[in-house]
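Next up: the structures, one after another.
In the two assemblies presented below, chain A is common to both, partnered first by chain B and then by chain C.
This part shows the complex of A and B:
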C-alpha cells in the first residue's frame, strides 16, 4: 500500500488530540486534588465531591471536567453569561434596525432570526441557565450537603443544555420563541425558517436539562441537607428554589410533549390539524409552560432579594413565614394563570372569566412579597452598596412591572394592549430589573469568591448599574406608551406615527448594551488584579 | 393584637380589596358585554356581518353584498358590525387599537366579535400575532364614514 499523506495527517491529529485530552484530564485531576484537604484525598468520590461543593470555589474552566455541584454551577454560569451576551447583541441589533419605520439595515428575515434568538436564548439560555447555575453553586453551601451524588447525570444534563443553546443559535429559526404550530412547520425562510425543527430540538434539550436539574435540587434540599438545618429554618433562597423546581417539574413536560408533537406533525400532520383539533391546541399546551417559565425566572430572584436584603439593612427579613407562604402561593397560583395569554383567541367567555380571575389572584402573593421587602428596609438602616442598588432597582422595577402586568388581567383592557409593546415593556421591566438585575447583584456579591480574593472596580460597577437601570427605563417607558396607542410588537417595520417611541427605545437599548460591555470589561480587568481581600462572601456566609 | 400581625393583616386586606374590586368589575364586564370580546363564531350575531380572512400577509374583508377589500375596511358610523375572522394558514390576530377590537384568526376555528364605531375618521389596523417574514406589512386602515 502506498504512503497516504492524508492518512498520516489524520492519524497524527487524532494522536495529538488524545494526548491533549489526557494532559487536560491530568491537569484537572491535579487541580481537584489541590482543592481537597488531606483526609479527603482518599475519600470516596461522593464525599470528596460533597466537600468540594461546600468550600469556596473560584471560576475556572476546570469546572467543565469536574462534576461536583459547584463545578456544574460554574459551568451553567459561564455558559448562561455567554448566551446573555449573544442574545443581548441580537436585542441591540433589533433596536437599531427599528430606528426607521421601514426595515433599514436588517431585512425582515434577518430581523426575525434575531427576534427568535433573543427570545429563546434570553429565556432558556440566560434566565433559566443563570438560575440553574446559582442553584447548583449556592445550594450545597447553604444546606451544608452531606453527599453529592449524581455528578455524572448533572454533567450530561449540562451538555444537553449547552448543545440545546447552540442549536437555538445555529438553527436560524424565525418561528419566535412561541414556536406556534402552523408557522414552525412551514420549513421556508418566509415561514418558520428552514431548520426551525432544530430549534425545537434545542428547546427540548434545554427543558430536559432543566427538569432533571430541578429534581436534583429537590433531592439536595430534602434528602441531602445537614440534619441541623430544619425545614422551618431553611434560607428563603432555598425555599424559592423549592417553589421553582416544583413549578418546572409540573409544567415543562406538557410543553415538551407539544414540541414533540409539532416535530411529528412535520412528517405526518395529525395532532394539531384535522377534525378534532386546531392550531390553538398547540398554543394551549405551550402556554401551560409558557407562563410558568416567567415565574421560574423571577422566583429565585425573589429568593436572592430575601437573602441579600437583610445583610445590607442590618435587620432580619420582616416576616420569614409570610415570605415562605408568599413564595409557595406564587408557585401554586402561577400554575393557574396561563390561559390569559389566549384571551382574544376565541376560547369562550368562561375561559376568559376563569383565567382573568386567577390572574388577579396571583397578584396577592406578589404584593405580600413586595410589602415584606419594604417592611424589611423600613425596619433597618440601608447600606447603599452596589448589590443593594441592584436590589432597590429590582423592587422598583417589580412594582412597575407588576402593576403594568396585572392591568392586562382585565379582559377588556387586554383586547386593547395584547400583542403590543405594552406587553414587551411589562416583561422587560421584570426580566431586566428583577431577573437580570439580581443575577448581576449575586455575581457582584460572589465576585471575591469567583476570583479568589479580588475586588471589582466599584466605579465601573456603579456605571454598569446606572446604565442598566437607566437604559431599562429609557427603553421600556416609550414601549409602554406606544403600546397603549397600539404599537405592535415583533415587527421589522411599523407605522410612521410610532417612530418617536421606537427611536427613544433604540437609544435606551444602546445604553443598555454599553452598560453590559462595561460589566464585561470590569470583570476581566478586576479578575487579574493582585489578591487583596479574603475570598469569603456574604451570600454563602451560613456555610463557613 | 401585636402591631406586626396588624401590619401584615392590613397589607393583605388592602390588596384583597383593590384586587376584588378589579376582578368583580372585570367579571361584570364579561357577563354583560360578551359580544364585544372574541368568541367562537355561530349563533345570531348582531348587526352587519363582515367575513375576514387572514393569510400570509394580508387581510381580506368580504361584505354581505359580495364586495371584497384587502387591507382596508370601510365602515359607517353608529352602525353595529360583527366580524367573523378566520385564517387560511398560520395564526394571525386582527387588531384595531382605537376600537379596542382584537380577535385571533385561526384556521378551522372562526371567531366573532361585535363593535360599533361612533366617530368618523381613519384608523389603523394591524396583525399582532407573529406570522412570518412580512408580518409587519400585514396592516391596513379602517375608514369610518359619517
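This part shows the complex of A and C:
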C-alpha cells in the first residue's frame, strides 16, 4: 500500500484528539479530587457528589466534564450567559436598523431572522437557562442535600439544552418565537425559514431538558433535603423553584406535542390543515405553554428578591406564609390565563370574558408579593449595595410592567393594542427589569464565590446598573407611547410618524448593549485582582 | 480559579455573539434565496389538486406549463379531493425539496382555492409537484425569456425598500367555494 499523506494527517489528528481527551479527563479528575476532602476521596460517587454540591465552588470549565449539581449549574450559567449576549446583539442590531422608517441595513428577511433568534434565545436560552443554572447551583446548598444522584441524566439533559440552542441558532428561522403553524410550514425564506424544522427540534430539545430538570428539582427539594430543614421553613427561593417546576411539568408537554405535530405536518400536513382542524388549534396548544413560560421566567426572580431583600434590609421577610401562598397562587393562576393572547383570534365572547377575568385575578398574588417586599423594606434599614439597587429597580419595573399588563387584560383595550409595541414594552419591563436584573444581582452576589475571594469593581458595576436600568426606560417608554398610538411590532419598517419613538428606543437599545459589555469587562477585569475577601456569599449563607 | 478561565469566558462569549450575528445576517446559500422579480404582465394558471395527478379529470393530467420571464404567474390551485397537498416548485428537471423556493400547503377541504403568485427572473426548466404525492402529482414548468425583458417594468412587484431589496411576494389566501 502506498503512503498517503492525507491519511497520515487524518490518523494522527484523531490520535492527538483521543490523547487530549484522555488528558482532559484525568486533569478534571485531578481537579475533582483536589476539591474533595480526605474521607470523601474513597466515598461512593453519590455521596462525593453531594459533598461537592454543598461546598463553595469556583467558576471553571471543568464543570463541563463533572456531573455534580453545582457543576451542572455552572454549565447552565455559562451557556445561558453566552445565549444572552448572542440574543442581545441581535436585539441591538434590530434597534439600529429601525432608526429609519424604511428597512436600512437589514433586509426584512434578515430582520425576521434576528427577531426570531432574539425571542427564542432570550426566553429559552437566557431566561430558562439562567433559572436552571441558579437552581442547580443554589438548591444543594440551601437544602443541604444528603445525596446527589442522577448526575448522568443531568449531564445528558444539559447537552440536550446546549444542542437545542445550537439548533435554534443554526435554523435561522423567520417564524418568530411561537412558530405559528401555517408560517412554520413554509420552508422558504419568505415563510418560516428554510430550516425552521431545526428550530422546532431545538425547542423540543430545550423543553425536554427543562422538564427533566424540573422533575429533578422537585426530587431534590422533597426527597433529598436534610431532615432538619422542615418544609414550612424552606427558603422562599426554594418555594419559587417548586412553583416553577410544577408549572413547567404541567404545561410544557402540551407545547411539545404541538411541536411534534407540526414537525409531522412538514412531511404530511394532516393535523392543522385537515378538514376537521384549524391553525388556531396550534395557537391554543402553544399558548397553553407560551403564557406559563413568562411566569417561569419571573417566579424564580421573585424568589431571589425574597432571598436577598432581608440580607440588605436587616429584617426577615415581612410575611413568610403570604409570600409562599402568593407564589403558589401565581403558579395556579398563570395556568389559566393563556387565552388572553388569543383575544383577537376568535375564541368567542364567553371565553374572552373568562380569560379576561382570570387575567385580572393574577393581579392579586402579584400585589401580595409587591406589598410584601415594600413592607420588608419599610421595616428595616436599606443598605444600598449594587445587588440592592438591582432589587429596587426590579420592584419598580415589575410595578410598571404589571400595571401595563393588567390594562391589556381588558378585551376592549386589547383590541386596540394587540400586536403593537405596547405589548413589547410591557414584557420588556418585566423580563429586563425582573428576570435579567435579578440574574445579574445573583451573579454579583456570587462573584466572590465564582472567583475564589475577589471583589468586583464597584464603580463599573454601578455603571452597568445605571446603563441597564436607564436603557430599559429609554427603550421601553417610547415603545409604550408609540404602541398606544398603534405602532406595530415585529416588522422591519414602520410609518414615518413613529420615527421619534423608534429613534429614542434605538438609543435606549444601544445604551443597554454598552451596559452589558461593561458587565463582561468588569467580570474579567475583577477576576484578575488579588484575593482580598473570603469566598463566602450571602445567598448560600444558610448552608455553612 | 484557573488563570485562563475569565479570559476564555470573555473570548467565548464575544466570539459567539459576533460570529452568530454575522451568521444571522449572512445571505443564505441555495436557490431558496430567490425572490419573485418585477413583472410586466400577468397570467393566470388554474390547477386542480388531486392525489392521482394535477388536473387529473381533464384531458391533460400533469400538464407541461409554458410561461415567460417577468410575467406574474397567478397559480389558482383548487383542492379536489380530501387529501392534503402541497404546491412546490424547484429548479431543474427533478423533484428536490431542498431547492424548492415555493412550498405552499393546500388545505384538505374540497373546493378550497389557494393563490400563489410568482414571477420568474431567469429562464429554464422547473418542476412543480406535491410533496405528499411525489409519484403522481408532478409536472414540468418551462420558462422562456421574454422578448422585451430589457424594457423597464411598468409595475413593480412588492415595494422597493431600502437598499434595493424586494419584499418577497409569495402571497396566498384561501377561501371556500361550495
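Definition applied: the second predicted complex is superposed on the first by the 544 of 544 C-alpha atoms of A that agree within 3 Å, B and C clash if a C-alpha of one lies under 4 Å from a C-alpha of the other, contacts with A are read in each partner's own complex, and residues count from 1 in each chain.
Assume contacts are C-beta pairs under 8 Å (C-beta built on N, C-alpha and C of every residue); 3 or more make two chains touch, one makes a residue touch a chain.
Predicted, not measured: the structure shown is a model, and the values here were computed from it.
Within the superposed three-chain model, A:20 lies out of touch with both chain B and chain C [touch as defined at top]. Of the two partner chains, chain B and chain C are each touched by A:109. In the overlay built on the shared chain, the residue A:182 is in contact with chain B and with chain C. By the touch criterion defined above, A:191 reaches both chain B and chain C.
Of the two partner chains placed around the shared chain by superposition, chain B is the only one that A:411 touches, whereas chain C remains out of contact.
Of the two partner chains, neither chain B nor chain C is touched by A:223.
Of the two partner chains placed around the shared chain by superposition, chain B and chain C are both touched by A:493.
Contact with neither chain B nor chain C is seen for A:231 once the two complexes are overlaid on the shared chain. Look at A:9: by the touch rule set out above, it reaches neither chain B nor chain C. With the contact threshold set out at the top, residues 103, 108-109, 182, 186, 189-191, 273, 493 of chain A are in contact with chain B in one structure and with chain C in the other. Taken together, the chain B residues at the contact with chain A in this complex read 4, 7-8, 11-12, 15-16, 19-20, 22-23, 25-27, 29-31, 33-34, 36-41, 56, 89-91, 93, 95, 97-98, 100-104, 106-112, 124, 126-137, 139. Within the complex formed with chain A, the chain C residues making contact are 1-3, 5-10, 12-14, 16-18, 20-21, 23-25, 28, 30, 32-33, 35, 82, 84, 86, 97, 100-109, 131-132, 161-163, 165, 167-170.
Residues 103, 108-109, 112, 115, 174, 176, 178, 180-183, 186, 189-192, 273, 278-280, 283, 318-319, 322, 342-349, 352-353, 356-357, 360-361, 363-364, 367-368, 371, 375, 406, 409-412, 414-416, 418-420, 485-486, 488-495, 497 of chain A are the ones touching chain B in the complex.
Taken together, the chain A residues at the contact with chain C in this complex read 58-61, 78, 81-82, 85-86, 88-90, 93, 102-110, 113-114, 117, 169, 172, 182, 185-191, 194, 267-270, 273-275, 450-452, 454, 493, 520-521, 523-524, 527-528.
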